[in-house]
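The two complexes that follow have subunit A in common; it is paired with subunit B in the first and with subunit C in the second.
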Partner chain A sequence: MRPMKKFYLYSVFSAILIVFILTTQCVQSAQVEITISKKIDRKTRVTLLPFFAKDADSSDLLLARELFSVLNFDIRHAGYFELWPKETLPEKVLERGKQYRAMDFDFWINYATEMIVKGTYSVSGSTVTIELYCYDMANRSTLFAKTVSGNKSDLRSLTHSICGAFIEKLSGGRPSMATSKIAYTVKSGATSTLFTMDYDGQNPRQITFDKSLTLNPEWLNDASGLLYVSYRSGYPLLYLKNLQTNNIRLISDKPGLNVTPALSPDGKKIALTMSFNGNPEIYVIDLDGNILQRVTYDEDVDSSPTWSPDNYHLAFVSDRSGTPQIYVADYRTGNIKRVSYRGTYNTSPDWNPIAGSSMIVYSSMYGKNSELYLVDINNGNTRRLTTTLESEEDPSWAPDGIHISYTLTQNYRSYIYFMDVRDGEPVRLTENDVDCRTSTWGPAQ
Partner chain B sequence: MQKHLMTMIALGLCVTLVTGCQTQKKGGKSVGSDIPLSAIPADTFIEPPAEYRSVFRNVLFDFDSSTIRSDMKQSLNELATWLTDHQGVKVRLEGHCDERGTEEYNLALGERRALSVRSYLVQQGVSPQRLFTVSYGEERPLNPAHNEFAWAENRRVEFKVSQ
Partner chain C sequence: MGYHRKKKPSEPVEKVTIPEKKPVTADTDLVYYIQLVKKRIYTQWAIPGGLRSQQQVPVVTVSVTILRNGMVTETEYINKSTNELLNRSILDAIKNAAPFPPFPTGLKEESLEIIINFDINS
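Up next is the complex of A and B:
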């Protein structure tokens, strides 16, 4: 009798364990930590079904196609999913998605897919309503269901917002880039202009109209405005444009440089490069331009500050060693330590925005070619992210801390790209005929 | 014991080498950062008039350097003398870089070059109140070509004047 009881206990325990593994499997696989080692997390296999009209009479194929293209881009590039199956689903199978309001789990078992995502739409006048559902095959349950509605002209941003909510849920609350925008400058002769676009390269919008140089865009933390440097007065001064009211406010107009602004994660301070004391140094000012603290005190170039997620450290570029390298300053004590050693020209640092991260991405130039690197400031270990013959520079983290946008220059033409730093697969965002550079990734909205 | 001694010597050598490298600085940075820039003037600066063009020759720099090259000092000394004789003239020093490197760093490097020329002129007796700076980074190349020759021309400080 005793061994039987033991066996019984074992089987109950294993059954509980199996259930536990099954239920946690999907959510577990979405947890991501960016480290220096090139580790590709296992991705969840997701099958996307086309959007169909809730009411068959109001079917709008163009609208359905646009909805699907946004969903497809957001899920494909989120970093957690593998679109499945690899080959296109036959028409008959797609039709099946249409017919069933609830999921027919048994049918999909043959496809070895882990999640099904499908949606509906309905249009009334200028209002469109979108529903998105995600079914978990292992649990045979609805993992996500959400409805959004809004103006038909905002179709793409509505779809991004519902996809963003889905991705955030699946990633355990990590911000999604689906709702974010990217600011960048477009160069034309001796002038340059500030633009924003959705993170998928769509919906470009001109922000500045000065007939002068406009440089160094930096987002406010709620995406309501952009800090930037303009030469509209003849000198590089720092301005803030409110994107809702279009109001422009002068923030800093010290003699000399007022450039390379970086807003602190708490949104209260701006680190920037100023030279009014006779040398380019890092300062921290408030949003009214009052100086709160001077960070660097040496006779060399100090530039390009970026904040740590905890607001207590600043990484920046300095050529105090004889060549430009990345340094980290403790904002409270003023202690400074060098963190890049490989290479003789390391610039444009950007600190990973996820709380506790010690990863900084930067560009490193050799000859006339620039490549992107990742450095873990805790131990100084680095990893090269790009290996092309083209030049890649000016990296900027996405709010998810997984992707970076950057400038790729080929035949003296520059384009904005993004990549997942784990696999380095480049995604191009800007067109052939515009010279785009210095992208800055905005917050999730 | 002997092995231990050798290790110690090797270590000592390493330390000396490392500190030696660290203290080795690029020359010409003796002028400190203690000459504040004046408030930006409302005056418009223009190209130097043709008859004085020869006085205002561009100052050229080595790659990633803001050090005044020895071959540039002669013309800067002449400029300092000219400015001493023409006390009413204000000068804007415009720092530029070649297209290599990042835009952000080059903004600071261009400013550093302009400030380097400013410090040199101040050392020659020109009042810092007459010398203003602006950096254009890599945004305004003089020579649009993409080669060593063009880059050498583009790493420069240009002069604009105002009465």
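Up next is the complex of A and C:
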């Protein structure tokens, strides 16, 4: 029995060994390490929930709808967000959003949204209080919470201000266009009138009332007033209108042209085109009209200056090369260099207001139409922004440095549009029956 | 009746040298297959846009085990992000990229363990 048992044990052991050897030979596994690098190629997905009344008894559907419409416009066009989901949220989901609690994170993550924006309102007499919250799905935290109160008649501007604060926080402190206004002129026969409107095209307000030609609006840095050129006295003179007091002050009345004013980013100087010496040249004056410096000395036409964000350079148009081109002058040394080489008719430059930016947007004739171009003056790289059959001109940067307003002319009528320079989607701001031109985007307020 | 061109005896016979076929090694098959997996996951990876505002995002490392038939059997974090949406985007990318094609015949392994570093900083 003993040898039998020994043989049996040997057999079992050998069988296990064979199976082990076979197994290790067949089930080989290799290990490899790789890296996948990718850049972020989309915007933040944000789900907007309707505004709910804080107290169910004070529910005001019209007010809630207007609040949501302002929020929707501001977030949709801010340039950082993608409204998510694409389709309308079902009633059940909206109800869940209304009762939003921290424990709902998983539910919303499954909805593939990155942020939930939710607002409430309450009305007491003529005062409305708006609260806005943003919940970050990634970190399961409240990213933004702010309350504003004010008169019910200021509902839109209150909502813009709270949305602007939200967008500014999400964009890392970059000014938001949500609280800004756009100045523009409305043409009627041989005259034109200065208007302002909210950046979303709402709330138009007439600024000038003299029946003459009004041109070249330029905002003060705190949006408290507008510089503009008017022919009210028969000559193109520069005026400043205080938007709070409605007081009008004459700034420059030199003989000849006093046009295309551009306020410096520090708010202390105005660069403009004056021709009292017989030829249009760029000058810099103070806010009382005293000449501080002559910038150009050329026998050809120099006009339309725009300041660099550091106050040291001025871009302008000059036809010293035979055709209108964009040049940049060093305000301190007087050195001038040409920055546009593509096209034979380049005008209306506007320097991106973001600190350190070297981007200038301008109009350029392309065939019979004017199109918008962007040039980086550091390397001369030029990009065409518009490709429509209509004419686009007079671009002006928004305070966020990613949007521009401009005039689009179609069938002899002009409208004000804005667009994100990165994706080029145009948004029309003015109505059919008004002929609008020369828009200038104001500062964030 | 077919037409047959008679070969003229005076015509010089052109010598054609057929290049020797490069032997398919397990290594080239492995490199090919890893590139294929990488490409498929890259295409499927939708990075959360909210990360755009963050200065530095730590690399997330995941171990993925693929069988000979291309099926993924195991996905495991080695370095996980504190950002749940980023973690989720990576798992979604692997899930949507799978199943992968079966291993090439030159690849003898029964399974592959691929350590993948997901990097959005470079």
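Quick notes on this structure:
Please note the rule applied: the second predicted complex is superposed on the first by the 400 of 445 C-alpha atoms of A that agree within 3 Å, B and C clash if a C-alpha of one lies under 4 Å from a C-alpha of the other, contacts with A are read in each partner's own complex, and residues count from 1 in each chain.
The working rule: a contact is a pair of C-beta atoms (placed from the backbone, for glycine too) under 8 Å apart; a residue touches a chain by one contact, two chains touch by 3 or more.
Remember, it's a predicted structure, so these values are computed and weren't measured experimentally.
Shared-chain residue A:S171: touches subunit C; no touch with subunit B.
In the superposed three-chain model, the partner touching more residues of subunit A is B, compared with the other of subunit B and subunit C. Once the two complexes are overlaid on the shared chain, A:V93 sits clear of subunit B and of subunit C alike.
Contacts of A:I248 after superposition on the shared chain: neither subunit B nor subunit C is touched. In the superposition on chain A, A:D41 contacts subunit C only, with no contact to subunit B. By the document's definition of touching, of the two partners only subunit B reaches A:P236; subunit C does not. Of the two partner chains placed by superposition, only subunit C is touched by A:R140; subunit B is not.
Of the two partner chains placed by superposition, only subunit C is touched by A:E82; subunit B is not. Taken together, the two structures place no residue of subunit A in contact with subunit B in one case and with subunit C in the other. By the touch rule above, subunit C contacts subunit A in their complex via residues 30, 34, 38, 41-42, 45-53, 59, 65, 82-86, 88, 108-122.
Listing the residues of subunit B that touch subunit A in their complex gives 22, 24-26, 29, 31-40, 64, 66, 100-105, 107-109, 111-112, 115, 118-119, 132-137, 139-140, 146. Within the complex formed with subunit B, the subunit A residues making contact are 187, 190, 192, 213, 215-216, 233-236, 253-257, 259-260, 273, 275-281, 299-304, 317, 319, 321-324, 345, 347-348, 363, 365, 368, 370, 393-394, 412, 437-438. By the touch criterion stated above, subunit A contacts subunit C in their complex at residues 26-45, 80-82, 109, 114-115, 136-140, 170-172.
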